[in-house]
Structures are given as structure tokens and as C-alpha cells.
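Two complexes come next, and they have one chain in common, chain A, joined by chain B in the first and chain C in the second.
Our next item is the complex of A and B:
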């Protein structure tokens, strides 16, 4: 009798804790979704271009989107950002993966020292180097209208520093797989491409996503380098110029919101397409666990 | 098919730890050689140096007369089976076995023919489309062996291939490796810590300890004439009984006097002692448990533990001066009453024949009768 009571108590306890967990998660997701819902509503508002005291528009329409693409430099900013994002994601992914694989698998003099230096360097916020970066880029004539290649250069230059996560992943792949492949006749490069890469899909996807998202949402460096030249701006900087004064805020606020929605679309699509690769257990069965 | 020759091979790690000291070994073509020893003895390191996975600090490794020190593993024409199988988890069994062939751009129909042939030999044809994770340990190990076989390598390396299998499967796979060896007919280097595997598989066994070779010999040699105390105790289960005793010589005959008994050294061992004219004195005497018997007279002892193994009993007895000995008593000749008696506290006599003893120098621990 007593035991039975205890048993039911355990079940009830589990149910209670699940309820609490779900309640917390639901509240959190609502809190996270509110700004986005708000943004979407604002972007479809036709009756006013400025902030109003209510959420749901009285009149829905695509006016803000049409204006965004026809009356502003948004298409240029969007193209700039896309170009930067694509280049950076490709180059940075290659560099990061090579770097992490090297640090995970090869043993060479100065390996530990190098990792420590990069760790310490990582403690400093990026904007500390803003002035000198600008100086260097302006010498190279890669600012203002030419800021797209300039920004790509800067974003890519520090790629190697982001090796931690992927190195951690490679460390979990048994080294005997590398060794087996080398004995089977593979070169180091073939080991990397034919064995390690296929096993590392999740981390490759992760690296591509983070490499794309960094420049996609960057504001500070892009603002500095584009230097008030619209042709060299990315979306974040361009959109900000639309609402930089009280007058422009009143005139462009809903269009700004439309810009925000458009900016979110590629990232959302990217995530939706790639999330299925975030599957654990690719290495299951490789070595005896 | 190849001869493998290791000359003064040494492995020194960056932290100056010497893992392998002056390793010299000449492995004949098609020989099955087994490196055996406790963990940390350098057996795997030596194998990995042959494979090219570990740099050779000093000395040379030759395969078919070619020094391979500076060759990449892929250029050595070797295959290796790993303890943890090391199957490529993203590839099917077929592609795992085909992997080495694909790397050298073998035509598709040849790949298919070779892989199916190997799969048939190993009995894994029905799993060819499965991924490794859907296989049991024994099946995975077969795939690993298949991947190593498919290329017809000069040298076949195996690094503790059976250690991850359970005891029953290990026995089965051991027998399969013996059969496989006949089929493949190439040079094998096999690493294990299990002396049973070493004894049953090897043409010759290399027993290692702390980076040194303790003895190289056929299973019979290392069992009957262990070069030193370490080999004597390492080979054979349960391990050899060893204890200090006096070797005496009376009227031209040698005797040992363990625990107050006096036993004549006769047979081959007695003749060897005479031929070498060994000086009487203190020796470490080694007698295998299977050579000891419960007797009417001999060494007085008391039963400590009775381990019933089925076909035999491992009888742990303790002598008057607290030395523990193990006696293997076959149960087939034992009457029910006799078996009942062999319980804790029972007093009995144990003895052994004179022609099965091993004599070790108490200082050097070397076998007095082995050069």
C-alpha cells in the first residue's frame, strides 16, 4: 500500500515537473516571438509611416515593401550583404575546418602556444581594432564605396580564431579512423575529405551558418568602413540610416520594419533547410563504445 | 608476401620516455608472428612503427628489403586491423571494404568482384548494404578484417583485434583467424596481451616487457624453456609456481629441496644440468600448476582455495612457510570422496616430477638452462 503510494507520487511528480518545464518554455517562446510578430504587423501597416499606439494595422498592404525596394538603396545594401555573407561563409568555413582539423590531429611545435595566444586574443572585443582596421583599409582603398571587399577581408582574416567548436567536434572522432584510412592508402587530405568531412556534416553546417550570420548582422565595423557611402553599406547600416533622425524615423519607421522582415528571411530559410543536419549520432558504430 | 626486418628499432617520445629499446627481429616471409606482453610493454608501438603510424626514432624497418622508415603508411603495402574496428560509420559494409580499392581507382567491376569474394569468405555477404552501427561486434570485426584482406597486402598487421569481443566470440574468431591465415598466406604481425591468443596463433611469439624483448621463440619453446622468470610467469594460465630453493648435487645427481622435500631432477632437465655442470646453490624453481600433483608424500601444504573449473580444479595451497602454490587437478580421475576432501583447510602433500622444472638465477632471473 505504502509502496503503491510512493509509486504514484513519483508519477505525479514527473507530470508536475513536465508541466512546469512546458509552462516555462511556452512563456519564453511567447516572449521571444512578441517582437517579431510586432515587427511583421508594423511592416504591413499602410495607414501611417510612424509609430502608433496599437499593434494590429488598420489597413494591411505591401506598400512598405514596395517602397523599400523602389525608393531606397535597399537592393544595393541587400546585394552587398549577400555577397559579403556568401564569400565569408565559404572562405571562413574552409579556413576554420582546416584549422580545427590541424589543431585536433597534427602535433607540432608551438601548437599549444598558438591555441593559448588565440584564446587570449579572443578575450579582447573586436571593436578595439576598429581604428587601425579602418586605417589599413583606407590605405588599401577598401572603404566607402569599396567597402564590400574590405569587409570580406576583415571578416575572413580572423576566421582561424573560431576553431574551438569544430576542433572539439573533431576531437570526438576516433583517431583510429584517420589511421585506418591512412593505412588503407589515403593521403592526409583524402582522410580529411573522404572520412572526416562526411562525418562532420553537423559541424560544417554550424560553421557555415555562423560564418554567414556574423557579417549578415554586423553593424559597427560595416558602419565605420562604409563611411556614410550608401553604395558600400550593408543592410544593418543602410536600415539604420533610414531612421537616424527623428524626422526620418517618423517618415520611414514602417518601411524600416519591412526591411527587418526581409533581412530575417534568408537566415530563416537557411536554418529551415539546414536544421535536419543537426542530427547527433553520425559517428555511432564507428568504434566500439 | 614479404620479409619484415627490424634492426635496432627504438621509440623515444618527445618527453624522453623510451617506449621501445633496440628491437631486433627478422620476420620470415609468410610467418605469423605475435607480439605479446602486458599493457605498456611497447608491443603496439612497435606494430605502429611497422605500419608507419608512429615515427621510428632510431633503427630501421625493412619490408622486402626496402627501408620504409620514411614511407607513408599508404606506400608500405600493409593492412591493419584495429582493436576498435575503425570502420567508417558513414559508409556501408560494402563501401568500407571497397575503400582501399577506391583510393587506387580500381575499376567498378573489379571492386564488386573482390568485395563480394572477401565478403563470402568472411560470411558477411548479407550485411553488405548495412552501416557498421547495425552490426554486432563480431560482424564489425569481420568487416575490418575484410577491408584489410581485400588489397592482398604484403604484411597483415593486427592490433589486439579480438580484445573488444566477449570470451565466447573471441574463441570463435581466434579459430577463424587460424583458418583465414591459411587462406591469405602472407606475413602476419599480431599484437595481443592475451597469452592464449599468442600461443594458439603464432608461429613465433615475441614476449615484451617495458620496451624490451624478453624472448622470441615458438610456442613450445617459450612454454617449455622460458628464457627468464618474466616469460615463465607470463606464459601459461594459471601462472607458473615460482619459489626459492636449494639445488644440491649428490653422487652426480641434482636434487632440489623445496619446503623440506627432496626431489630428484631427472629426465632432460637433469641431463642438461649435468651437461652444463651447473654449480649447486640457491635457485628460483619454476613448476607449472599442471605439472604439480596431489601426492602421498612431498611438500606438506594446506588447501586455501578450491576453484572448480569443470574439467579441472585449480587448487590454491599454502605451504608451511606461507608460500602459495597452485595445483591443477584434473577432475576426470578424481573420485567423489577425493574431491570432497579438497576443501579449505584440508592438509595434503603436493609434488612434481623432476623433468618439468625450470631453474632461474635468483639475481638475473634468467633461465639457467637457456642460453
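Our next item is the complex of A and C:
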């Protein structure tokens, strides 16, 4: 009887703890999801364009989305960001992977020193160099309307320093594979492309994803470089100009929310398709640092 | 930092490419025949960019010798100076900005001085306040576009009746009784000036010809300032307070919102026929009633200095055109922007506009917004929080004293100097002939030594203002030489005899009293 009771107690305990955990998780997910739900609701509200004291629209419609694409430069901003994202993701992935492979497999003079220098440089917040970066780009005539190539140049130029995660991943691949291939007569480059790459799918996809996402969220540098020229803005800067004064905030707020939703779409799709690899990439690199 | 280093490396690699792309563009290339490619920055408010495009096209048609190919960008006029100063060279050729940015723009060399004829045209056709806003030292630096940047009161007629709108306490009470809010952004220096200016406080910054701030006259820390804070507490201590100034507050339970012309469409769409507009109310402290003041100002259009004088002249013509009566009226009709042009102001449409009428009524109590040191806004804005939180007069007093210290900290020296023959006309001589300040009242006791010319006047430190002199003397006029424009153009106080004098001056009323000791 006594023992029986104890068994029941254990089960009840488990159920209780599960209930508590789920309750906490549900509350947390609600808190986390509320802003997104708000954003989506706001983007479909058509009875007014300013901020209001309620959430669920009185009238649903696609007006904000239609206006966004017909009455503003949003298509240009979206195209700019997409172009930047695509270029950066390709070039940056190549550079990062080459860099990581080199630092993981080759031993050369100054390797440690180089890694330390990059580590220290990484400690400085990026905006410290904002003014000088702007000046350099403006000498190259890569600001205002030409800011798309300018921004690609800046993003790509610094990408070599983001090698940590993928170097960690390469370090976990046994060196004996390399050696076997070398013995068979493969060059370093062949080892990289034929041996390491096929084993590194998760990390390649992780690198592409992070490189593609970066430009969508960049505001400070992009704002500076575009210098009030609509043709050179990315989505973040463009959307901000829509709500930069009280009057424009009141006139464009719901359209701004629609813009937020549209921006989230490509990134969400990419994530859904590549989620499996993304998690592997993040955790894979963490095994050996 | 890492971006910079790596970018520099990348630049080295790409320099051949870069050289090509630079050679291709090469600045704002004027071609023959008076055709110019220009960039124009206007307000991002819906419709303004399109309207400006039409106006420039019309200018091109009307002036056959000139053609402008304009790229028009919408910006926030409050950020125009920040954007221009970032990079004057690649900034717009023609741009619109809020008047309080003139100092920064002049300092950055981002504004071309108007020529003689253009200056005279502007002075003749625009109202005095807007001309003053565009003037720096002796020169005009910009073209007035609007004269409507001020605040007044929107109210919900279904809650507030017309007999309540003249008294702040009544309004606040009505909001409390109906569970509504009174929205006014009292923790913003721009809005809370309403109380300080209402009681007669002064806050003015002094700049030299290059746009640098050289002094400040600020009397917030005074008995009048205390009264203002107590007046602010009528709102700030009420449950109906809402420290915000946005038209959309009407949809969130406000019955009164203090805001400006830019909110008219929002308020109209929320309240419909219940929208009421009026000048700000009065408030009563210790039995005395004060009408709330405000800042008034406007928007200006500026021309960037050009390397090609012909282009500069052409841009000047365009700027004059875009700010003339017709163009201002078009902006009034499309967006309700209140004109600065005197003739446009007098037109029937503008006169019968209720919102501009409310602004006009409030403007009788307004102070024209001159150049303001950027650091001031936050300091004076904090006084709103002070009013909301302080429990006693001592706390208010301490807060004002701290404010005064902070404001003086923004600039090297402040105050007034009784400059004249007795100190070798040294207008920075605060130690020797600085006037003691108590609220709005300045006092000095000085020995006037015997000399050929025993004259001088009261000026803010390092300035040469001529508006506190002989003509402002209300008591003791028998001790000085009578004013004569020909021989005393600088309005100096010229003593008839040497001796020891006490001079007091009230800066709020500009009255000077002289007593011989």
C-alpha cells in the first residue's frame, strides 16, 4: 500500500513538474510571440494609419501591402538588400571557408599572431570606424546612389574575421583524412574541395545563412552610406525614413508594419528550408573551439 | 575597427577599379546652356516631393535659359542639418530644414549667403519672424518656406466645451472627471517652454557670425521659473496627465492634445466633426493668471555653396521661385503648411483655416525660436520630470539651481556686461563690469571716470547687441545724453557727468533705470 502510494506519487510529481514547465514555456512563448502577432495584425489594419490603443483591426485589408509596393520605394530597397545579401553570402562564404581551412590545417609563421590580432580587432565595436568608412567610400564614389556596391565591399572586406565557428568545425574533422588524400597525391586545394567540403555541408549552409541575413538588419552604416538617397537604401533604412517624424509616423505606421512582415518572409523561408543544417552548423562548430 | 582595417586592405586591392569608377562620375557636372543636374531634399511628408517636382518643371518651362534636372529625395526636415554636416560635398544642392538648424549649417559652411537682390526680395515678401530665423549676423542664409512650426491645442468637443478652453485647471479637471487624458509632452523642452515663457522667463542663446554659441541669457532659475513649475504641476501632478504630444493620442483616450499643424489630418480622421482647435489655455498660480506661451518657428530652404558661380546664381533663382507666394500657397492647399509669405498669409483660404487661426492666436504669446544649443533641450526637458516628481518647493528650487548650473556648463561664460568707455569696450569683461543677475533683473554699480565720451550699453557677454541702451532708459533719463540717431547709432547710454551710478535692467521688459549715488 505504502509502496504503491509512492509509485503514484512519483508519477504525479512528474506530471506536476511537466505541467509547471509547460506553463512556463507557454507563458514565455506568448510573451515572445506577441510582438510578431501585433506586427501582423497592424499590417492588415486599414481603418487608420496611425498607432491605436487596440490590437485587432476593425477592418482587415491588403491596402498597406499594396501601398507599400506602389507608393513607396520599397521595391527598390528590397531589391538593394536582396542584391547585397546574395553577393555577400556568396563572396563571404568563400572567404570564410578558405580562411578557416587555412587556419585550421596549415601551419605558417605568424598564424597565432594573426589570430590574436583578429580577435583583438573584433573587440572594437564596428561603429567606431563609421566616419572613416564613410569617407573612404565617398572618395571611391560608392555612397548615395552607389551605396549597394559600397556596402557589399564593406561587408565582404571584414568577413575573413568571422572564421571562428567554421574553423572549430574543421578542427573536428580528422587530419588523417587530409593525410590520406595527400599521400594519394591530392593538392591542398583538392583536399579542401574534395575531402573537407563534402563533410562540411552544415557549416557551409550556416555561413551562407548568417552572411545573407546580416545586410537585412544593418542600419547604422547603411543609413550613413545611403546619405538620404532613396535609390541607395536597404530595407532597414528605407523603412525608418517612413516613420522618422511624428507626421510621417502617423501617416505610415501600418505600412511600416507591412514592410516589417514582407522583410521577414525571405529570411523565414530560408530558415525553414535550411533549419536542420543550421542547428548542426552551430553545434558542430562548438565541439572543439 | 576590424571593418576599417579590412576595408583599407580591400581598397588597396581594388584601387584600379575604383579609379575607373571615380573618373566616370566626377561631381555635379554642369553642361553648356544652363542645364544643371541637382539634388533636392524636401520633407518626406506624402505629396511634397511630387509637388516640388511639378514646381521645378514649371520653373523650367517659364525660364527658357535654365533647365534643372532634379533628383528629389524625401528626408526628415529635423535631420537635414545632421545629413548635410555628415558630408556637405555630397549633400543636396537645395534642401529644406527646420529653422533651429541654421546655426549648425552656417558653421558647417553648408549654406550659401543670399545676394543683395535676393535678400531684399525675401525681406520684402516674408514675415519678420521667418526672416529673422534665416538671418545670421548681418546676412540672410536661407529662404523662408513656412511659418507654422508651433504648438497649440486640439480638443475633443464631445468632452470639452468651449467655455472650458481658457483655463488649464478647468481642462485638467474635465479630463479627470471623464476619465480622459490631457496629452502634452511636458518633459520636452520645446513644449514645457509654454509655462516658462508664459510667466516671462527668457531663454536665448547668443551666436557670433560663424554660428558658434558665445553666450546664453536664461532666466528659468528665478521666481518666475518657480511659478512656471508650479503651473506645470497642475498638469504633471494630475491623473489625467499624458506626457506625449501626438494626435493619435485621441484614439487612446485623450480629450486634449497639445501638438502642431502636422497632426491635423490624424486628429481630423479620429475626431471628425468633434475636432476643436484653440490657442493654449491660461494657468493660475498664487492668484495670478498667466497665458501659456510657446515657441514659434518655421521651415527654410537653403542653397549649398557651389564651386560654379553660375550654378549658384541659378540655384538662387530656383530657391526664390520655390518659396514665392504661389508655391507656398500650393503647399498650403496640398498639405496645410502655413505660409511665411505675407501676401499668401493674407489670402482668404489661409485666413479662414481654423487650425492656422488657432496657431495665429497662440503666436500672440509665442517666442520666436532662435538658435538653440543642442545640449539645452535635454536639460530643460528634465524640468518636466522635476515638476512631476518634486514634493516640495525646496526640491523645485534645487532643481532649477541645478538646471542653471548645467546650462551655464554648456557654454564658457554667460551673463551681461555693461560695456563702455570705462572698460575699454571689452565685451567679454564679466569680471570687471559683468552685471549681477537675479531672475530677469540685472544690476551693476559702477564708477564712470571723466573722459571725452562717457558712453556704453548693456550687452550679453561677447555680443554687440544694441537693443539695451539709451532708448530703453525709463528712469534717470536726465542723467544721460538724449538719444539721437545720427550721432548715436549704436543706442549708447552716454552719461552727462562722471560719478558713481547704479544701473538696473529688466531683460523681460527691456527697461533700464539709472540712479546716481
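Everything below uses one rule, namely that the second predicted complex is superposed on the first by the 253 of 289 C-alpha atoms of A that agree within 3 Å, B and C clash if a C-alpha of one lies under 4 Å from a C-alpha of the other, contacts with A are read in each partner's own complex, and residues count from 1 in each chain.
Operating definition for what follows: a contact is a pair of C-beta atoms (placed from the backbone, for glycine too) under 8 Å apart; a residue touches a chain by one contact, two chains touch by 3 or more.
All of these numbers come straight from a predicted model, not from anything done at the bench.
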{"item": "Of chain B and chain C, the chain that contacts the larger number of chain A residues", "value": "C"}
{"item": "Contacts of A:199 with chain B and chain C, given as first, second, both or neither", "value": "first"}
{"item": "Partner chain in contact with A:174 - chain B first, chain C second, else both or neither", "value": "first"}
{"item": "Touching partner for A:190 - first (chain B), second (chain C), both, neither", "value": "first"}
{"item": "Touching partner for A:182 - first (chain B), second (chain C), both, neither", "value": "first"}
{"item": "Partner chain C, residues of chain A touching it in the complex", "value": "48, 50-53, 118, 121-122, 124-126, 128-129, 132-134, 136, 138-144, 146, 153-154, 156-161, 224, 227-230, 241-242, 244-251"}
{"item": "For the chain B and chain A complex, residues of the former touching the latter", "value": "51-53, 72-74, 78-80, 82-90, 99-100, 103-104, 131-135, 137, 140, 147, 151, 157, 164"}
{"item": "In the complex with chain B, residue positions of chain A that touch it", "value": "174, 176-177, 179-187, 190, 194-195, 198-199, 282-288"}
{"item": "Residues on chain C engaged by chain A in the complex (per definition of touch)", "value": "1-11, 14, 18, 21-22, 25, 39, 41, 43-46, 71, 73-79, 83, 86-87, 89-92, 245-248, 251-253, 259, 262-263, 265-266, 269-270"}
